[in-house]
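What follows is a pair of complexes built around chain A, which joins chain B in one and chain C in the other.
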Partner chain A sequence: MESRTDLTSEVIAIVAKSLLLRPEMVHEGSRFFLDLEAESIDILDIRFAIESRFGFKFQNDEIRELLQTIAAEQDVTEKDIPELFTVGRLVDFVWLKISGKKPN
Partner chain B sequence: MGRTALITGGSRGVGRAIALALAKDGVDHLLINYLEQDATMRALQEELENDGIRVTPLRYNLSQPDEIRQMADSVRTHTDHLDHLAHCAALTTFKPLHQVKPNQWDLVMNVSTRSFLVVVQQHLDLLKVGSSVVAVSSTGSQRFNQNYGALGVAKSALESTVRYLAVELALKGIRVNGVISGMLGGDSLPLFPEIEEVVKYTLQRTPAGRLGTPEDVAEVAVFLLTRAQWMVGQHVILDGGYCLT
Partner chain C sequence: MVERVFVTGIGVVSAFGVGQETFWDHLARGESASRLIDSFDASQMPTRFWANALASEDELTDLLPNKRTGKLLTRANKMAMIAAEEAMGQSGIDPTTLEGSRFGISVGASGVGLVDQGMSPLDYQSSLLLATDQKRPQSEGQFWKLLLDQMHPLNPIRSIPNAISAHLAIQYQALGSCLTYTTACTSSAQAIGEAMLMLRKGRQDVMIAGGADSGTNPSNLLSFSLLGALSTNNEQFQAASRPFDRDRDGFMLGEGAAFLVLETGSHCRKRNARPLAELIGYGSASDAFRVTDEPEDARGAIRAMAMALDDARLAPGQVDHINAHGTSTRMNDPIESFAIHSVFGPAADRIPVTSTKSMIGHLVAGAGAIELVASVLAIKHKLIPPTINIEHLDPACKLDVVRGGSRAMPIQTILSNSFGFGGQNACLIIRAANEVFNHEDE
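Let's look at the complex of A and B:
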């Protein structure tokens, strides 16, 4: 994966395929649960597809930890987390995993 | 040569109970597949190893056939035979069937049903004459259960897979059977909004007067695996008599 932009396109394609959406309906700011109407099993499906495509495994509770980090950054409670979990956040996470770099 | 067993979805629930029951029955080496929850797996491993059982944790995602192949490669580095194989892995979304989306259907079917076939295929060379296989199904395969459609269909297909494999593999001296479990209580209760009403209704219709436990299912699964020598391609229903009322 050469750039984060390339990665974003790939992740959007995976998300769109899983949720049966057209890729143009998905963007970095799309919130999984609110905008894309994803359910917890969809997040698992997307996770498996990402693991298979990029060759790494999510460790235990990594997604939950990611969401908790987001909540802490935004100074919101855990119940507000679904509003904050976006495709862009997932791209950041995958980028960190495969490149070892934190997003700008 | 010690007895060896592979259990899919074995770190918790019915899989965990089968692991413990097989250990009690004298199995020396348990190879336990799980998806995540390392802490739960570690706790089970510690419990078994304290009793002198050899444990090999296998963290592989059964929705991916390639990972099942990798798991089988790993199993072969630990043993040259399997006496027993128990398929407990399952996954679902609790909602009406008419609301299940295609990706959700695929995931439920792949983890709960297709993986059983692929696991058997990939380990067939390790299953020798006299070995046995059991698959864990549920009563939702045979009758309507609220919000259970996706897994109900998957379990129906699982039971059919058991019957076909049972006939085909009987020729190789491998017995394949299944258990069909009714609703289990405690931590095994499915999580959906109307579950309290479903439990109340189920208890009213259950002659035994209680929900099942993973240990109830494990006891029969181990019987099928270890003693039911003339039983081929059958399913034992364990539901406290619910299906009779």
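Let's look at the complex of A and C:
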């Protein structure tokens, strides 16, 4: 993966395919649960597709920890996570996994 | 008050294609849906044919009322959603106008476990056997870890037995009873019968009832081959399913789905519905004998038929036609014939019997539903489809089996049998609905 931009396109393609949406309907700011109307089972599907594509495995609690981190950063509780869990946050997470770099 | 129960919509996906008209056209013409297996290398299998639905996974997904659910549905479940949508469309019911808690679901389905019915043979190999050169597990612990890593996380949720009923409830916002029956080859007949009982009691106004199954996959072929239940007549694969024939040697695997919209008389009248048929009888009984053997005295089959007749308040002579379980196995057909003679007495000699399994194979959990849909269509068209492939009627099956072409005749009442592994027996009776609004029923 050359750049985070390339990665974003790939993640958006995966998300769009899983949710049967046109890729142009998905962007970094799209909230999985609110804007894209995903349900928890969709996140499992997207996670599996990302693991297969990029060759790493999410650890069991990693997505939960990611969401908790997001909540802590924004000073909100876990129940507000649907408001905050965006495609961009998932791209950041995958970018960290495959490049070892934190997002800017 | 005991409500009468009417069929106001039917839908079907069969090995002949999608929709009731296609289904009926082929049945009426007496065509075989048997095909040589080409979806995986079955060359080493004792049985190398089946009656599969030709539609691909993507084609089925395109026909779903909500395509986004496609990834959550097995082949059988997709076919179920498509058949139910056809039935709902025909009923003319706008589900948004129903009182949700009075609207229920009742489905006959298989329990399929972690290995998904819709898996391709390659997925199947990699997920189940995990025996590629690179990833051959070195220990039992590693085997399970590989399975954990490779299995798609949606497989478990695709494969739960109540997936169809859950998705139907979500699709149509049916907030009432949401039931699943997993009783082998009687599953969908029982689902329909039990739904009828709920409607009669007035516990629901409308129920979508039926079933689906997809036995045309390597796992099922292996399972039923191991049990010796399948025909191995590969040379004459289109003539292999031959219920009641002297030389029958087993059944043919099929796949498909069939659903009916069942509705109380009160609800039909309220919306001026035009019923296709009335569901008037249901019997359910266990052999309590052996898991795969049927008892020679046919005790469960006899009681199920007798119960259904009693339930329908019919004398044996008032049944115009029997859609038999008629599997084409050595065991079933003579025992079913004996049961029919025991229940119907002299009338058994003149009641036309047919087995649509001769054409579409055995849908297992979906069999009772698709055969009841065939029966609704037989009433509509005043025509009994033939049992194909009979060359020599088995002397142990002395019945008026419709053969050599369809038989045109007026039909008021049809009894439909379903029997299954575990000693399950279920029987349904329908009649023409031409007197719905004149009959004293309340």
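Here, the second predicted complex is superposed on the first by the 104 of 104 C-alpha atoms of A that agree within 3 Å, B and C clash if a C-alpha of one lies under 4 Å from a C-alpha of the other, contacts with A are read in each partner's own complex, and residues count from 1 in each chain.
The criterion applied here is as follows: a residue touches a chain if its C-beta (ideal position, glycine included) is under 8 Å from a C-beta of that chain, and two chains touch if they have at least 3 such contacts.
Predicted model, so just to flag it, every value in this text is computed and none were measured.
When the two complexes are overlaid on chain A, chain B and chain C occupy overlapping space and clash.
In the superposed model, A:L44 makes contact with both chain B and chain C.
In the superposition on chain A, A:V11 makes contact with neither chain B nor chain C. One of chain B and chain C touches more residues of chain A, and that partner is B.
Aligning on the C-alpha atoms of chain A brings chain C into conflict with chain B at a single listed stretch, 114-122, out of 114-122, 312-320, 384-392 or 402-410. In the superposition on chain A, the residues of chain A touched by chain B in one structure and by chain C in the other are 18-20, 41, 44-45, 48, 57.
Every residue of chain A that touches chain B in the complex is listed here, in rising order: 17-20, 39-42, 44-45, 48, 51-52, 57, 60. Of all residues in chain A, only 18-20, 41, 44-45, 47-48, 57 touch chain C in the complex they form. Residues of chain B that touch chain A in their complex: 36-39, 59, 61, 63-64, 66, 91-93, 95, 101-104, 106-108. Taken together, the chain C residues at the contact with chain A in this complex read 67-68, 70-72, 149, 152-154, 157.
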